[in-house]
Structures are given as structure tokens and as C-alpha cells.
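Shared between the two complexes below is chain A, which has chain B as its partner in the first and chain C in the second.
Here is the complex of A and B:
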């Protein structure tokens, strides 16, 4: 019974999640873009001319009705992968995205073997 | 004068280190079970000399002695006294001297405090530590000498980078150094433990306080840096997954794994080699961090002026450390027969280590991955916050649940009895999460998971607290840190989801409406200060619903030495939320770009982190009391 209540309220908590997903949040996009002329700053955080220009470009593209993915793709084509803080998941970056989980899996298996090996006692 | 004095002391120190190594080796071969008296004296002298040289450097900074290159490059006569002093370690050369202080002082204290442990173990530790000290002394003297002269002597210094002129940043390096440079001593102890075959429980006891000291200070040091980034960088965030931040977090993961495993070694005499590996990893990561920060190989906010020759030296030193320790480890390694019950505290601590290593590798990979792609394929990639959030956060959810259950599991063999209680706690967590979502605002699926799991940890640890008090069997250190960790994740989760940030352009006298707030640009003043000019804006924030009316004054500061503009945020901190505003001028226009942010529970994130480290300090205090 309790488990049912848990599941029920859990689903209630995020049933209206998808309501706002059609509006693109420009602030979030700015946070995910690197200001290319700054030292480790995002476009959102920077006051530079470059950042201002990128903000304009992104806002225009949102107005044109492009999706978030299309905007990132456009910027990557123009400035290279250096501009996005989230490296695209492609063949080149597969090590980056998969290795952590691979290590996690190996760690789990190692612990499992260690515990299994125990002579009955 | 000062230069000669400082240099002489450094040379004497280098000579002393070699002499300590020599005399320790000699002492090793002797049959006596006690250490020679003069070793203590030599070590005391060594740390005193290094501290003295540091004070010499500080006095050069205070008196603005620009005959020293370091002072010339990082100080200015008009700088306030506090920042003249903190300028001494706010640069590469001076901070290396701080490194050496920690190395030598810890070396001496470890020797003194471990007099109930065997002679050979202590001597090998001393020898290893002195090899480290020598390595750094050579680096200091021949590559990064803080006492190098400049001629002709300049009349005025270039000044310290203004964003480093800040109280939080003045204490940040010393705290952090006690943390990760402090890890050198258990690195040396680990090497020594293998060389002198001094293993098991006693070895664990000899290093556990040192691990705690470094971990507690590392935690506070990271916090100081984070608070600094929050109000000084003017971006409103407190963690940017910047390479330099990562460099301080990596040893923290290793230390955390280490002192959990150390508990198993102490109580059950298991995981000896794993503990050794963690000791070694912690220090190696500390040096790696130094390498990444100082060589300028990474693009980061707080990279000091960099120089490839430094990088090369540290890299060489680092490779020696790694190969040396791996070599010894391979020679001494034995596969022990572990008998661990899957349902026991030992297993849960292993699982803690498993997660820590996962975090460690993920952050390490994210930090160095861009270097590899650039060197190997000439392809520049940025790895930023989205990567870490996506990869790490789902795992944190599981981690928090395990962290709630783990501490109550018994050693050797455990039996779960209270499934019902766990389900009740889960129910309560889901309900609390639901009420937050229902009353305030809905957030993403993963945020739901994070909030639920952190509440789960908070409730179960609070119940443990209650049980402890009832049974009068206290384990406050663990409970404090775990509870604080739960709160930290909870507040970060809430902060992340309930912050808002708006930026807009305003002219003097304009008003902007955002949600229920109005932001009015009331006034603009130019004021002159001792070492900078400031354009100070006056903004009135009003909210009629909440009867809020406050004035915030962000600044644009113009420093002349060195010539820089900085944007100072104006923050009104409160128990429930911070209001945060920054402004910047827009070229060739009378508009100012204004960024207004509301950040809930910021103060509670800081307080939680303070309590995480307080847990460490209480444990340290308890351990000390037990010894007497």
C-alpha cells in the first residue's frame, strides 16, 4: 500500500513536466556556450562584445523557430566544438561519455567478484 | 640584501634536507630502537628556516621591495596592507614557498606525534618526505625563485590582479594547501609502510588523523574558493566545473574514499593495499592539480601567469612520483584473501569507494580530455557543466540512498530488520518533494530524484541522531558530516531549481519589471579609492506583494595597477534568499547591462559545507582525546 502511495505521489510530482518544453530558454543556451575570447567564461556570464553578438544570434535563431539542437549545430559548424560546453556525443567523443560508466561497471564487477570469492563462512 | 638572505636560507634548507636523508639512512642501519635526538632538532630547524624565508618574503611585500621580481610583478605601494601580505602567496613563487612550509611542518609534526611507532617506519617516512621537500626546493631555487632580483630596480610594482585582492582569497590558498599538500605526509607514510613492512591496524592509526586534518581543511578551502567565486566573479554561480576547481575536488574524492577505507583497515585489518593506493593517488592528484594550474595548459579563470618550463619540471617530478610508487607497490604487492560478507559495513564502505572513484575518474577525464583531443587530433573541445551534471547526478541519487543505509550496517555480518522504516522514510521524502512541487514550482525528473534522495538522507540521518542521543552512544562526527552532506545536496537542488536570472539594458532613471519585482536604476556615482576608481550604481529593488524595498549598489572598478576593469556584484544575503545584481557598461551607449538574480538558500549551502568539515574536526578532537 505504502509503495503504491509512493509511486502515485512520485508521478504526481512530475506529471506537468512537459508543459513548458515548447518554449526555448535562451538563458540556458547562453550558459552552455563558451565565450571564445574570455578565460573560462560562458556567454551568459560574459560582458564581452563577442558574448553580446552571440546572444543576438541565438535570440534571432529562436525567433526564426529553430530548435535548441539546430542552434547548437549551427554554432558548432561556425566556431567548432570549442564553443559548446556539452561536447556532442559522436564517435570522437565516445570515450568521454562512455568511459566513466565503463569504469563504474568494472568497479561494480570487481566488488562483486571480491564478495563472491569468499569461502563459505 | 633580502634576496641574498632569502636565497641563503633556501640553500641551507636544501642542504638540511639532504643531511636529514643521509642521517636517517645511517640511523636505519643502527640497532637501536630509538631515533637519534638530533633528527628532531634538524627537522625543527628545517621547518623554522622555511617559515623564516616565508616571513622574509612577506616583509619584502610589506615594504614594497621591488628589487625582487616577484614583489615587483605582484605588488604595488598603494595596495592595502592585507593584500600586500596576501600577495606573498597570491603568485606562483610565493605559493610554492607555502607548499614547502606545509611539507616541512607536517614532516616535523608527524615525526613528533608518532613516537609510539617503530623507528624504521618513521625514518622511511622522513626520508620519503625529505625527497619531496628536496624536489620542491630545487624547483623553487632554480626555476621559480621568489628571491630573484630585477635590475634596474623599478620604482613601482605592477600590482596584484584585482580579483585576487579579496579576504576570502587571502585565506583560500593556505587552507587548501593544508589540505592537499598535507596529503604528502601520508603519501610518504604509505611508501614507508611498504618499505618497512609496517602494515595493518597500527599503520592505519598512525595516519588517520593526518588524513582527517587534510580532508577537513580541503573541504573548507574549497568552500572559501567557492564563496569567492560567488561574489567576486559576478556570475552568480558558485561552482563552474572549471579545471582549477576540479583540481581541488579530485584529491577531495580520493581523501574521502581513503578515510572510509582506513576505518576498515583499522577495525578489521582489511584493504591494506587499497589504502596504500589511495594514499598515493591522493598526493599524486594534488601534484597533478598543481601541474594543471601552474603550467597554463588549461584554459581557466584563475590560471596564474604561466610558463611552460614550470610545467615541464612538475611533469618530470610527477612522473618520478608515479613510477617510483608503482615500482614499490609492484614489488611489495600481495594478494590477500579477503573474507567479506556482502551484507556488512565493509561492503558498504567498498561501495562508497566505488562511487568516489567513479566521481574522481569522471571529473579527471572531463578535465584532461580537452588536452588530449587538442594534442592528438588538434581538435578543441570544451567540457563544461552540462557534461558533469549529466554524467554524475544520476549516480549521486543512488549514492545518497546508500549513504543513508550504509552507516547503520554492522561490521562483519549484518541483518536488515527495518525495511518498514526505510519505506516510511521514502514515503515521507516523496511527500515532502511533492509538496515542494505542488506549492512552488515543478522541476525536471532528475531534480525530483535528487530532492527525494537528499531528503531521504536527511531524515534517516536525523533519526540516527535521535537514536544516538537516546542510547547515549554518540557518533557525532559521522552524523554531522552525513547530515550536512544531505542538506548541501538538498539546498543545491532547491537553489538550482528556484534561482532566477534576468538580464536587461537600462539607462539611468529607467525601470524594469520582472515577475513581481521592479528594478529601478536610480543613481550613478564616480568615487575615488586608494587603489582604484569606482563607478557605483544605485538600484532600488521593490516587490509590493512582499513589502520588499532594498537598495543594491553594484560597481565597476577601474584599477590602474595593473590596468583592469572589474565588475563587483552587490549582494543582499538573507536566510531564505540572496538578491544579486551586477552591472556593466555597454560601449558607445548610455545603456548599462544589468543582471538581476534571486538565489534561494545560498547561505545554507555554505553552512552545510562548513558542517561537513566540522564533522571531520570533531572526529579529530575525539581521536586526540582517546589517546590521552
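Here is the complex of A and C:
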């Protein structure tokens, strides 16, 4: 009996996880969108007319069954990359994305050279 | 050798920082959507202002050029640009589509009675949802498009004498 209960709860929790992962969190999307007419505010933070409209549209699109990525793509198409806080990797901002790795690599090489130069013992 | 490497990397680092600040601070930080020129407008589906009709891409494809103008009776700068819109009405090659944005019908009608109606077609966007599809983020804003619905130019803010001249030249080319 105990085993059946455990199995029951196991599947119940499993379903819960599934349900959570399929529901799109509108608040998360709002936080990732920049309010174009505000200074340093996200759509989530702002009460401006523009932010209210974007919230309405995003909620509508979630209802229509669009994914988070599709919503971002739609807004980028309409307003440009500036509207999303995390810009997609492209030619124009490749330095922004690659520089940290590059610095990491150069640092590694520098440490390697310095250690090699150091006389043993 | 070690000192040399450290010195060079510090110098390079400062040069890099200076370059970033130089470029960053010289850049115009006021964002607008004027760089979306050349994009094609899609999924146009607007409600007609007074009739139970939909205004779609087909309605815009009938004309060589369209100016989609977002306006409202509560918008002050819209009054400034209105005389230019009235002057554009006399041009043959362009169709004016006015989208009444987050407005009350009575106020909008009063506005048109008072200042004149420059529009060939009027749509309404009660909650502003359609404005997002056209990339509008404040009014007044106008989009000049051609027959293929490609954006030729975006006018953020009220249309000025200069903009008016630009439109007239563009549509009579």
C-alpha cells in the first residue's frame, strides 16, 4: 500500500513539474523587455502607456500559444534589438559576446607563459 | 620581461577603456525606430473607425504610397502636424490612413470637425494593441510605405515642414 502511495505522489509531483514548465511566465518576459520611452526601466517596472500596451500584447500572444522566443522575435522585428535586454548574437555585437572568452583565453596564455619562464625550484 | 608584459597589458586595457568610452559617449543615446526602414509591414488588421469593417494589407496595396499616421485628440503635438497632413491630402499619389490611438470617439470626431479631416481612411486602435504591430511607441508617429508595404521612412514625433517636403519629393519621384 505504502509503495502505491509513494508511486502516486511521485507521479503527482512529476505532473506538477510538467505543468510548471509549460506555463509561460509573463512577468519574466516583461522583465526582459526594455521600456523604450523610460530611462533605465524594464516593461515590468514601468507604468508608462507604452509599457502597458506591450504588457497587453504579450499577454495576448501567450494566450494565442506563442512561445517566449516567438514573442521576443516578434517584438525585435517591430522595435529593433534595443527592446530586449539580452541581444541575440550577431555581427554587430559579436565583440560583446566573445570578448569575455577572449580575455579569459589571453589571461590563460599569459599565466602559462609566465609560469613557463619561471625557473624551476 | 614580466614587467614588460604587465605594462603592455595595462596600457592596452586603458586604451580599450578609453576607446569604449569615446565611442559610447559620442553615440546618440536617444533610441528611435528609424533604423527599421526597408522592413515590410505584415499582418495589418485594423478596425475601421466608424464602420464595422477591417482595414487590411489589401486596402493599402491599392495605392502607390501610404502614410500611416497615429493620432489622438488628447495629443498636443498632433495639432501641430495637422496642417501638414491637410496639405498632403491635396497630393494625388498618396493615401492617408489615420489610426486613432487610445481615444474616445466623440473627442476624435470633435478634433476632426475643428481642425479638418485629412484622412482617406480612419482606423481605431482603442487599446493601442495594433500600434505594437506597426512598431509605434509614442504618438504622433507616421510611417511612409510604398505599394509593397515596405517602410520608406518613419517620422517619430510631429511631421514638420521638412518632413512634408521629404514626403512630397518621395511620392513624386
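In the analysis below, the second predicted complex is superposed on the first by the 102 of 121 C-alpha atoms of A that agree within 3 Å, B and C clash if a C-alpha of one lies under 4 Å from a C-alpha of the other, contacts with A are read in each partner's own complex, and residues count from 1 in each chain.
The criterion applied here is as follows: contacts are C-beta pairs under 8 Å (C-beta built on N, C-alpha and C of every residue); 3 or more make two chains touch, one makes a residue touch a chain.
Note that this is a predicted model, so its numbers are computed, not measured.
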Touched partner set for A:27, first chain B, second chain C, both or neither: first
First (chain B), second (chain C), both or neither touched by A:65: neither
Which of chain B and chain C A:57 touches, first, second, both or neither: second
Contacts of A:37 with chain B and chain C, given as first, second, both or neither: second
Partner chain(s) touched by A:49 [first = chain B, second = chain C, both, neither]: both
Partner chain in contact with A:3 - chain B first, chain C second, else both or neither: first
Which of chain B and chain C A:108 touches, first, second, both or neither: first
Per-residue touch tally on chain A - higher for chain B or for chain C: B
Which of chain B and chain C A:80 touches, first, second, both or neither: both
Chain B and chain C footprints on chain A, overlapping residues: 49, 52, 80, 82, 114, 117
In the complex with chain A, residue positions of chain C that touch it: 1-2, 5, 9, 31, 33, 35-36, 39, 102, 127-129, 131-135, 137-138
Chain A to chain C touching residues, read off their complex: 36-37, 49-50, 52-54, 56-57, 60, 75, 77-80, 82, 110, 113-114, 117
Sites on chain A touched by chain B in the complex: 2-3, 5-6, 9-10, 12-14, 16-17, 27, 31-32, 34, 39-42, 44-45, 47, 49, 52, 80-87, 92-93, 95-97, 99-101, 103-104, 107-108, 111, 114-115, 117-119, 121
Residue ranges of chain B touching chain A (in the complex, touch as defined): 233-237, 240, 242-243, 299-301, 303, 338-342, 347, 350-351, 354, 357-358, 361-362, 365-366, 369, 373, 377, 379-387, 390-391, 395, 423-424, 426-427, 430-431, 433-434, 437-438, 442-445, 448, 452, 501, 567, 584, 586-587, 593
